[in-house]
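You will see two complexes here that share chain A, one where it goes with chain B and one where it goes with chain C.
Moving on to the complex of A and B:
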């Protein structure tokens, strides 16, 4: 068992090194992707800064809470797509019959598919969250808790993606639905929880997991609560199991294909 | 010993029927109708260890679907498959350690990196240690004459060089069965010959079972002793290449060059396929007429040159496809 885990970690490391090396072949593009992503994220905080000159609190959040919200949202998004770079491509892999290459390899299919790609711009997202922590003057406890939530929230985001992309096995081309669901999850994660109520709030703790991805982590980082912390961990475990079950069940309906393609 | 056994294999695909135009789109949206297509129907065959088998058929015959079921990519609708004693769908991971696949139309290499980087990743995928991987890469590099090309980005390689690199990638874990799906597609004759020689050596040296699909009859003639022809998802012929060539169609071609233009009647059971000046091409059905009798019918004193040959395999196969 230990050897198996070791082999998977080694494979994960090799995939990341290979993908980053491939992107570094074009060094200007590589650096620009990361830097521009940091600048893009920073522009939103400038807007928030302007809003907080009018109101001291928006939806129960002060400016530094919004910064923390952006930090966790950005870094967990980045972690998700640096680690699981193919997370946003599962639908096209299914539709275009591109799972064949992975099915011929002796590794867990979902793991192999997800980790085999790396989003380079997402490195900028990870860095941006930590830059905010530096600006906030976070102590060691906050750094540790933040890093833990980056991993857990990143996994929740990835597994949410796997669930909606796996519906492709049953519903065929649902590109617009998937794009909208992904956009909703991210869009809700960059606004204070307090501005949403009723049905929308219910959605954010059920169908769209933004509540578990960012709202509870921000709340726990503001004031530690073991119960809420365990809730996030439990949800991550539940969503991972759901994603594995839905993906593997759908796989029996996989139709492959004959498209000519290259990896890159 | 059989390494592949297939019994009563079926695979059906369900596809939506859409009538033309906007009206058809509306109908398909609210009242969809589906068509069930039998991609593979009641297929049964076995392959012995070390055999080189050509599995051929026209486009859409069910070749790729069968290979994908044998390798665990697709789930069959019904039927039994055993590859090296494994059920490919239930034991996909275990089987993957022992089989390989080369697909002429799908690359598994990272195009912006040298092939050697991809090989090292594949070594990790197959749990091969770093030292063992280096040894294996050196071996394959020598056998496939890869030289410096494995250190150049794949995107800069010619198609032939890339295909040699693809084959090496599929052999990194020393598979016992290798599936070749049109490996010579688009290659020039010299590279084709090199690849055929390598596949032959691979089979001879390691007794690797080769399961081969190709539309290139040259590949089949040069490599395989047995041919399975599939059409519309069913086996229409399973025989040795020798039997296929010499027994299935008893026809010969006689090319004759005369010293002057001659006019032959369609006698002695011969059929004039082509006549251009002093050159005549005659097709003979040897079941009805012996070659000797046909030659005796010709004005032998005017013959400058004569050549007797089999009907090209391509034509035989095309005729079988057409039946």
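Moving on to the complex of A and C:
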């Protein structure tokens, strides 16, 4: 068991080194993607800075809480797409019959598909969250908790993606639906929970996992609560199992694209 | 001139075939409005009738106008289509034809944007009326002036996006530049009027391209006066000339660097 885990970690490492070094061939583009993503995220602070001149508290959040919300949202999004960079392409791989090339490899299909690409701009997202922590003057406890939530929330985000993309095995023409679901999960994750009413809140803890991805982590980081902390972990485990089951059962309906393809 | 009309007409007919994509693509447009209506209701709900001189209906309608200009007019060209053509070398197909590349893309844009606006304008009106109701002090007689300012805003935005897209002659991937440009417009102009920013920032926004693209049109719709109209149109004409000149200059510099391998 330990050897299997070690082998997968080794595979993951090799993929990331290969992907990142390939992208670094275009140095200007590589640096621009990371730096501009950090600036892109930081630009929202201007909006919040202006909004907080109207009220000291918005939806139960103060300015530093919104910064923390942005930090966790951005870093977990970054973690998700640095590690599972191919997550947003699962739908097109299924539609175009491009899973064949992965099916022939002696590694777990879903893992192999997800980790085989790396989003470079997402590195900027990860860094942005930690820059915020430095600005907030976070103590070691917050750094540790934040890092743990980055991993757990990143996994929730990735598995949510796997679930909605796997619907492609069953339904046709759902490209826009998938894009919209991904957009909804991210859009709601950067605004305080308190501004939304009951029904939307219900959606954010069920259909769209934004509540578990960012709202509960922010709440736990503001005031530690073991029950809530375990809820996030349990949800991540549940969602991972659900994603694997849905993907694997959908795979039985997969039709090969008969494409000749090679991966370097 | 006739050939450019033909291109626009062809693009319009093509896009009418994909109206369902436009409908589904509008969910993002609606979500941002929904989130901000919630946000403004929360802020105005704490006992404020006016924030920076605007009531809640003006704040929401300002956002709707801004979104209409920025999201409602996103087309293949303005989303990075030019960069893709430069990178793939497909630009060479147009270069060999007796048509100017930038005006060709402008015709494409007009054809596509007409279809989009045919959907987004009624949608914006319906969403605004349902979510927040009528705009205070709105006068229907000023609609022609509003149309002029909104149209100029859309065109200035087009030429600036073309300029960003043409930077693909030098940069492998222009998408980060598109994010930054888009964010700049969104942050400083779409979400709320410049008056909410500190005065020093607001003063800069009011003379920046943001004023020509979104702040000006939004302001004209929610708080019309002839004085504001004239000052906004002046800013728009200056930025229109500058952005056209910039797009052509970047194109002429860039096209000299183009290397296309036959295939």
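Please note the rule applied: the second predicted complex is superposed on the first by the 257 of 264 C-alpha atoms of A that agree within 3 Å, B and C clash if a C-alpha of one lies under 4 Å from a C-alpha of the other, contacts with A are read in each partner's own complex, and residues count from 1 in each chain.
The criterion applied here is as follows: contacts are C-beta pairs under 8 Å (C-beta built on N, C-alpha and C of every residue); 3 or more make two chains touch, one makes a residue touch a chain.
The structure displayed is predicted, hence computed values, not measured ones.
By the touch criterion stated above, A:54 is placed in contact with chain C alone, chain B being left untouched. Of the two partner chains, neither chain B nor chain C is touched by A:249. In the superposition on chain A, A:187 makes contact with chain C only, not with chain B.
In the superposition on chain A, contact of A:206 is made with neither chain B nor chain C. When the shared chain is aligned, chain C comes close enough to touch A:197, but chain B does not. By the touch criterion stated above, A:105 is placed in contact with chain B alone, chain C being left untouched. In the superposition on chain A, the residues of chain A touched by chain B in one structure and by chain C in the other are 26.
Residues of chain C touching chain A in their complex: 21, 24-25, 27-28, 31-32, 35, 38-39, 41-43, 46, 48, 51, 171-173, 175-177, 179-180, 183-184, 187-188, 191-192, 196-198, 201. Contact residues on chain A toward chain C in their complex (touch as defined above): 26, 28-29, 32-33, 36-37, 39-40, 43-44, 46-47, 50-51, 53-55, 58-59, 121, 176-177, 180, 183-184, 187-188, 191, 194-197, 200. Of all residues in chain B, only 13, 64-65, 68, 71-75, 92-94, 96-97, 99-101, 103, 105-113, 117-118, 120-121, 124-127, 153 touch chain A in the complex they form. The touching residues of chain A, counted against chain B in their complex, run 7, 10-11, 14-15, 18, 21-23, 25-26, 99-101, 103-108, 112, 252, 254-256, 258, 260-264.
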